[in-house]
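Two complexes come next, and they have one chain in common, chain A, joined by chain B in the first and chain C in the second.
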Partner chain A sequence: MIRVELPAHLRTLARLRGEAALEVQGAVTQRSVLTALEARYPALRGTIRDHITQARRPFVRFFACGQDLSLDSPDASLPEAVASGAEPFLVVGAIAGG
Partner chain B sequence: MVGTHKGAFVLTSDAKRDRWEIDGPHFAGWEIYHLKGSPADPNRLYASQSTGWFGQVIQRSDDGGQSWEPVDNKFTYAGVPGTHTWYDGTPHPWEFKRVWHLEPSLGDPDTVYAGVEDAALFRTTDGGKSWHELAGLREHDTGPRWQPGAGGLCLHTIILDPSDPERMFIAISAAGAFRTNDGGKSWKPINKGLNSEFLPDPTAEIGHCVHHVAMHPARPGVLFMQKHWDVMRSDDAGDSWHEISGNLPSDFGFVVDIHAHDPETLYVVPIKSDSEHVPPDGKLRVYRSRTGGNDWEPLTKGLPQENCYVNVLRDAMAVDTLDECGVYFGTTGGQVYASADAGDSWKPIVRDLPAVLSVEVQVLP
Partner chain C sequence: MSAFDDHSPAMSFTNEEILRYSRHLIMPEVALAGQQKLKAASVLCVGAGGLGSPTALYLAAAGIGTLGLVDFDVVDATNLQRQIIHTTADVGRSKVKSAAEKVHALNPLVRVLPFEAALSSDNALAIFRDFDVIVDGTDNFATRYLVNDACVLTGKPNVYASVFRFEGQATVFAAEDGPCYRCLYPEPPPPGMVPSCAEGGVLGVLPGLLGIIQATEAIKLILGSGESLVGRLLLVDALTMRFRELKIGKNPECPVCGESPTVRELIDYEQFCGVRGEESVTTASVPEIGPEELKERLDSGEDIFLLDVREPHEYQICHLPALLIPLGDLPGRVHELDSAREIVAYCKVGARSAKAVELLHSIGFRRVRNLSGGINAWAERIDPTMPRY
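Up next is the complex of A and B:
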């Protein structure tokens, strides 16, 4: 089970309390996790990554296990601790704006 | 219904329009550029919700705003969108940024038009489950020359003609006004008579920074426009325009609206520009013309007449259909003012909302 922690605005949009728990088939990557997340919570489509290009929105960052994974390839494997469910995959809104 | 920089608010009153209940914020923390109800079903509402972080969301309510469901938020330009013109004159690719305005169909609650930035017109016919571009507008011959105004290249005004379902009017900052006579397949710039001194050719076919356009439903051939500078009138569905600024203290502004029961009675809020965008002399004044323009009277009773430095944005004025006509507007300072006597006197419904982006009115049976 993959754990995903969302920022408050996206939890509200998805009507989600706490973390999302997702089954991910195959390799555990940013792309496969986000695809599973969007399939489970369709309201999140387009809010984390672009509908068409699947590029990460500029003011969204990805973290796990104390590392900033935002610039990693979306097809790179996530840390084993994320794949095992020991640690959450964090979707974070950039500290910016007002 | 009030859209603000930090959520939506629903203000409710009985027909006296004296005591108001304030409900909100809905979608707290998100920018609500616009929310509007279907004329065919007052319980069907649509809201444009966005932030710079998480992009665009469209919300739909089937119960008058008690509950909301997000619907499709995929606004994809048709075909290969090409380029428009950037601020510096260079080609710039079309990029969807947000929905500025939602205009529900007059007869079908499932059909809604969406005006977006970068400027294009989209439509849903399934209640928001999917959106499709009416690409004939963006693909107009002049499209590659459209340039953004200070607020972006936004399609902010959509007017549906109740006498002809095939005819629509839209306005884009800073491309100008356009009309379709065939349901959105083809479009014609309707900017003849506009004069914009900042343009190399002040009377060019396109390039005018139209801030808002209003039409009275009983007289769909007559349009009123608040341009960046100049208040304008057309008596031939936009084929030609003439200036009606008359004695206004400033003919810059954003809003223009029309009395529900008198198509010759107009409202504008003059703003000092180009660099300040505040009311002249620190006095918040609505100006009313009872003659279709040119002769304007200041309406000040109940509005702050000193130390007021707010703006009233283009979608932030509305009228109701009661007798007598109610007029409403919201400010960037978070006040929403109401007049239950066609503008003669005003009261704040609420004073401390986030900056107001839009105001719409529904009269419920």
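Up next is the complex of A and C:
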């Protein structure tokens, strides 16, 4: 089971409390995890990845195990700790409140 | 060697100052030399709101020599849940004046430089030049990009925090050693995609928590002590009380601080962010009805169906005689609406209901309009007995 943590406004959009827990078939990559996430929560389509290009949107970043994975290839394997469910895949978004 | 080591160490302290700062002076990590750096330093707090309140108070208490305060706004009753530098008696007063008074009352030895103005591309560089450290306590994306770019262009460290609901982010953007805000988030979200605190709410103590982290980082930068948050993004979740640290790096292609910068002067940040102010929601693209016209038509008995697209806990605060379908549920519940009837959708201030109107138009509803200003405008202009929130 892959764990995904979303920023508050995307949890609201997805009607999700806490982390998303996803079954991902095949290799555990950014692409496969986000595709599974969007399939489970269609309201998230276009909010994390561009609708057309599927590229990460510039006001969102991806982290796991304390490292910034945002510039990695979407098809690169995520850390084993994410694949095993020990650590979450973090989607961090820009917020501006003050 | 810290940049603040350049300040003259010859500054002396009065007995009053030595007593006031004694808890600093007995720590070797601060001592007289560190306190002198604090006294010689100048810090600019951009925003005297949720983040700026604790930041300004703690920096003043710590003995920062010069404290700049920038804010154009006046104190509103809804600010008091978190903006602790202002009191009930300050409602309606200038935030900068109110904050300057509290800073002076706490520590009259601090020189306060008030800037009662909106930070803009026209004034930012001139204001920033006179300060050693900039603390970003603003509340909208346009000003955050402005603060970032002005910091990079003037070579000032940007002590950053932002909050939303129960979550906060903090770091220090210092372009020489680490990433800037644009390295992290090259572009802002489209208007309306990420709600503001006015729309989504914020736990009152959360900006206190993050503002104190900003004050701590500013003091460490001045002292040249410890490890700053440069290159580290701190995520704070107040609900679980978890602090998570993430590494963030400089983007060599950053348009402001990268190897070949293309942004060499301040730009139009409201245009960059696609807004004319964070709170002025872009509702112009959908047909609207004002509260006065709606009242008149309801009073004359016209058949208008009211649709409330807020959340159930907001509906409990106040509502019109409407069907409640939260915006997130609307795609799955449109069958409950009659496309032949005239529909007026509303939310708190008009942003979510504008999205609802767009959605309904896209699936064939032709007689749907947005209540401009939302139920808050109705409470303000039509029914003063209704609570505003």
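The rule we apply is simple: the second predicted complex is superposed on the first by the 94 of 98 C-alpha atoms of A that agree within 3 Å, B and C clash if a C-alpha of one lies under 4 Å from a C-alpha of the other, contacts with A are read in each partner's own complex, and residues count from 1 in each chain.
Please note the rule applied: a residue touches a chain if its C-beta (ideal position, glycine included) is under 8 Å from a C-beta of that chain, and two chains touch if they have at least 3 such contacts.
Just so it is clear, the model here is predicted, and its values are computed rather than measured.
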Exercise for the section: Report clash or fit for the pair chain B and chain C bound to chain A in the combined superposed model. Expected result: clash
Practice task
Would you sort A:48 into first (chain B), second (chain C), both or neither based on which partner it touches?
Solution key: first
Handout entry: Touched partner set for A:93, first chain B, second chain C, both or neither
Key = both
Practice task
Please work out whether A:59 is in contact with chain B alone, chain C alone, both, or neither, and reply first, second, both or neither.
Solution key: both
Handout entry: chain B or chain C, by number of chain A residues touched
Key = C
Practice task
Considering only touches as defined above, state whether A:9 meets chain B (first), chain C (second), both or neither.
Solution key: both
Exercise for the section: Applying the touch criterion given at the start, work out whether A:81 contacts chain B, chain C, both or neither, answering first, second, both or neither. Expected result: neither
Practice task
Pick one for A:21: touches chain B only (first), chain C only (second), both, or neither.
Solution key: neither
Practice task
Kindly classify A:39 by the partners it touches after superposition: chain B alone (first), chain C alone (second), both, or neither?
Solution key: neither
Problem - chain B region in steric overlap with chain C, selected from 79-87, 97-105, 187-195 or 205-213 - result: 97-105
Completion exercise
Check: chain A residues flagged as touching chain B and also chain C 7, 9, 13, 43, 47, 57, 59, 93-94, 96-97
Fill in the blank from the handout: In their shared complex, chain A is touched by residues of chain C numbered 47, 49-52, 136-141, 144, 161-167, 169, 184-189, 193-197, 200, 202, 207, 233, 235, 244-249, 278, 328, 331
Handout entry: chain C contact footprint on chain A (complex, rising order)
Key = 7-9, 12-13, 15, 43, 47, 57-59, 61, 63, 66-68, 90, 92-98
Handout entry: Residue ranges of chain A in contact with chain B within the complex
Key = 7, 9-10, 13, 43, 45-48, 51-52, 57, 59-60, 93-94, 96-97
Handout entry: Residues of chain B defined as touching chain A within the complex
Key = 29-30, 51-57, 70, 73-74, 76
